[in-house]
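Lettered A, B, C and D in written order, each chain numbered from 1.
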């Protein structure tokens, strides 16, 4: 999960990484109480790095200009999102701009230090200039020194960058982060450093042992708190008309792929998770299915629900019972279900659901075709033969927003 | 450096190790404002573990008794020391008492976990019952579990002790300690644990990077702040009449040994340190010599000053010049000096000091004999021949108090 | 060359079939996942000789003696070959370090949600002790009708000659089920785990299956994100003689996005901004270069495997 | 047996005389101690090929090129045999880890005041890389007229056949001076360091000097506190053929107390409460059992050495 710039800077400040005096602005009128002297920079707090080019950053010289600029920024969408908060920050005269980051590298299975003398907006254009140092053993400051040297620094600047990388690394490990990035790290004319913009990605799995981060995150308006460690059901919304429920990330992706290949469009989906979440073993499967169906069918555009569950310890019958229970409870509005099951007691499961006009397939391909077919037709309670060809209305890549589960 | 019990408990509390509600008492009248309900235990805050038998711990039931008991404890010396502070603590009903410690083991060059089911006053009698676990690699909680199992624990108590040992270890490493000890660790009838008394030894060399510990230590009345990292001169007082100045701990010990063998008695001594203190290389030797002579001669009982310097980068002449300078400055009260030097420019040094009636020897043995001889005679400015036999007044083991340097 | 280094990096695993007779220890046997899967493993014939769950020492679980400490268990029941770990996420590091300190050199980490920095330390220790680690967030290993070291649902599998290597959980079983229904049994199936930082790699398992006599063809089940598939494809081209068929889930997901396994693409997002590694195109192109046929849906896999086997004969 | 383990614990040092031709790197060359002792070492003939002091890369010190990083220095000047470290106490751990990561397998740590927990990590790494570490808080090693790796004042030493092993600094030189004045030159002298946690032990050096052809007799200079002398005495009885003479400073200091080296007796204070280890009596008794003559003052050492040598011939 990403932090907003002002939250990242709060963590930088705690760690002793130099940041400018700044103030969080929730409403334009708060600029009347600004404690930072002008000139001031107002920055849209959104989760994208391209805000500068889009007008999300403005320099202001006095309170009247500041309020006007803040109103403009609050009403300026960046990549479709409006900021909930601005950051008002002192202005800084950078002579040069560096790029520094600490990230996890899955190839070496180690943290990696990244740095370049060509930071700021230049970084994308000069990717080949980014130096890397893999932290192969337990960290020690010489890894940071190695990076500073690879970046081509010397003297005072080498020491200063080493010091900041060391602090970034400590932040990275103490807070269980996936990424700490400073870009630009400004260099003043007297070779002093300042973190002008920062990005922090919190590791979702570790948030349960990071109470301070969890409370920091809770202060972001509209921010979804990571759910990886809870057993809460995570619904991902899309723009079609088929609700999808699967168990396991790989199986969910495969099912969505098949749906799209058959010209079907998902309205939303839920991945119930694999079989090895410590907090929610298959024994609580039925409750979770019920919750998931609730969420999926709350979306009015859902014309059909496709269920694809590969049973492990849980039997097909247990899944079927959960579906049957839900359909009975939901009796008024009746969204049709198409179900694919694998596992023990398949035939009992099929029998139970057949009695409720819910088709149950052994093959994913067939279940997908049936779901797509039903999504294209007007809502109906009758069961079609499994092997009909589908003719969906539209194809094309809808802008999916996918979350981790 | 040792912390007092109430300071150790403050650190325990911060680390989540269970301690009783308690209050520091600087004056008996503060007991009127006690926030802990009676019955209460009042404990003398001194650096010795034998205070219980000596009357330094008292149980009280009401304010009047508490004030009387506090007055008694404040006036009760423990091993010759009066407490500056008491600790008032809630009473606890222990069913059993364990012993737990984390220490450094110089033989294995590793931290070691220690534990026994026979804690409290039993621990000294049942030394063979203390289990040990050496933390050979980077710590992980299984080392603590290994100790709990070796102690013979199981079930809930195994988990509870593991948890406390783990917290003690984190305290040990985060704060750079030489020792963390809980004795007794009380076990209640429902198997809950409570640290009833605690001992923490802070590592003097590390205090420079432990600002919180340094400020905690600064709150102890009369507590000498560790000096290992500063270049301050450390004078150790004893009860004889010879002031001693040497460079290096080993050489200082050897010189004091020779003094005692020749029936001389040191009034005090200064170890200037070896040649590898990062903060005070030999280049500042002369200033340090001057300061040391000042301290040594401030003690009125000093009848003679014995200097034994084995020169390294510094020459004998530099040392001699410092002595000469001091003697000129000190011209009024004139304590005689006996000097042993080794190193470059020995003869120039001897010449310079001979002119001031200060004998300079090449041999420690001779210098020691001369110093002892002068300490036995009435103060005089005249130089005796180096090879006189000495007739000191007294022998016997005076109670030495030696500090680390 | 980097592939070779990688394969050497993390302990030399035994040839696949050597897992079959393993003496197994289960850590977290008294915890929910352990309680659920230990009977399944037992019924499958896995020889579980001891369980470990701190504070449960002296008890029994499913007839298996439970100890407080791994070294204590080994002292009592003798050496074990593999530990399967079902412990809670934040205690996985400690449990794995404990197993390694007690001399166990093959670990299967089942639990999901291990913080990646814990995995970094765990794998550093695994490298220095030459311990082979599968997972975390993994269904483990199954050798049909021989042994189950993890959570694979047995009904999907039957003995045969196709090896399955996968990053997924249920999707691994889905692929096995398609093969089984088509009459193609499996020599072994392994889920290496879906997280950003995992122990054993695709390459290590390709090497194991290349050397395994029982295995005649290999199915590689990948996902978008990360660069494991690209690296595996290069390794196949370099070092694997047996026929390989691939499948990649998530190929219709938008570029640079990922379902499911958090954090897996951090490094490509940062260190290789702008390059195509991790994308569908990159993975499909890599397999094409390695001449590995890619199934466009799970149900096509059996046919491609049969074609590959025929072509070879 | 524990002695044997200890000797193996921390890198196999070269035979003593192999230090003589060493190519030396100095870490902390631009810091006060480095600036002071590097010229002394150079004048003594030590071949210092490079210095390292972060932020001073590209400069020179005493004519020696200075680099920011050890690996960079080695790249430029070629492999080195020994690093001598004069860095500030709280950067010693990092500097030593850096040297080991760059492949240097012999370190002399001079600086005083290293936190013992830093030494624990440093020595753990030294054990796993088989690096030989002398110090900290140590005057280092001198081979008279050949090489100086540390701070020993040269005027105290002359070439000969007596090896000195000591926990002290100036007292080591004092003992050497007594020997030199008595006409007994030295093969090598080493101060292992006065702290609670040090790298090389008395036993390791006894073993080195036992094997060193130049050395005919050994002087062991101990102090009260700790248990190094007791362990060394047992090792001498077990494994050392050459004559050994001991001296122990602090024998008139009160029991359980210690001058100078902080923390050295923690373990005996706690783990062995009530036993006599660390006391004068314990040390003198241990040497008596090992038939090692103990000088009651430094000036008696030469005579005991001569007697021991005569007895042997």
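Definition applied: a residue touches a chain if its C-beta (ideal position, glycine included) is under 8 Å from a C-beta of that chain, and two chains touch if they have at least 3 such contacts.
Being a predicted model, the structure only gives us computed values, none of them experimental.
A.B. asks: Looking only at C-beta pairs that count as contacts, which pair of chains has more of them, B-D or B-C?
C.D. replies: When B-C is set beside B-D, the one with more contacts is B-D.
A.B. asks: Between chain A and chain C, what is the separation of their C-alpha centroids in Å?
C.D. replies: 26
A.B. asks: From the C-alpha centre of chain A to that of chain B, how far is it in Å?
C.D. replies: Inter-chain centre distance comes to 56 Å.
A.B. asks: Could you list which residues of chain B touch at least two other chains?
C.D. replies: 137-138
A.B. asks: Line, ring, star, complete or other: which one describes how these chains touch?
C.D. replies: Topology of the interface graph: a ring, with each chain touching two neighbours.
A.B. asks: Give every touching pair of chains, nothing left out.
C.D. replies: Once each pair is checked, the touching ones are A-C, A-D, B-C, B-D.
A.B. asks: Help me check something: in the complex, which residues belonging to chain D touch chain A?
C.D. replies: Of all residues in chain D, those touching chain A are 54-55, 57-58, 68-72, 91, 93-95, 97-98, 101, 121, 125.
A.B. asks: Which part of chain D faces chain B closely enough to touch in the complex?
C.D. replies: 6, 31-33, 36-37, 40, 86-90, 110-117, 119-120, 123-124, 137-139, 151, 153, 155-156, 166-174, 177, 194, 196-198, 221, 223-224, 226-228, 231, 249-254, 257-264, 266-267, 270-274, 296-299
A.B. asks: Which of the residues in chain B end up touching chain D in this complex?
C.D. replies: Touching chain D from chain B are residues 101, 103-107, 109-112, 114, 123-124, 127, 130, 132, 136-138, 172-173, 176, 178-179, 181, 201, 203-206, 208-209, 228-229, 236, 246-254, 256-258, 260-261, 271, 273-278, 281-283, 310-313, 342-344, 363-365, 397, 399-405.
A.B. asks: Which chain A residues qualify as touching chain D in the complex?
C.D. replies: 137-138, 140-142, 145-146, 148-149, 154-156, 158-159, 162
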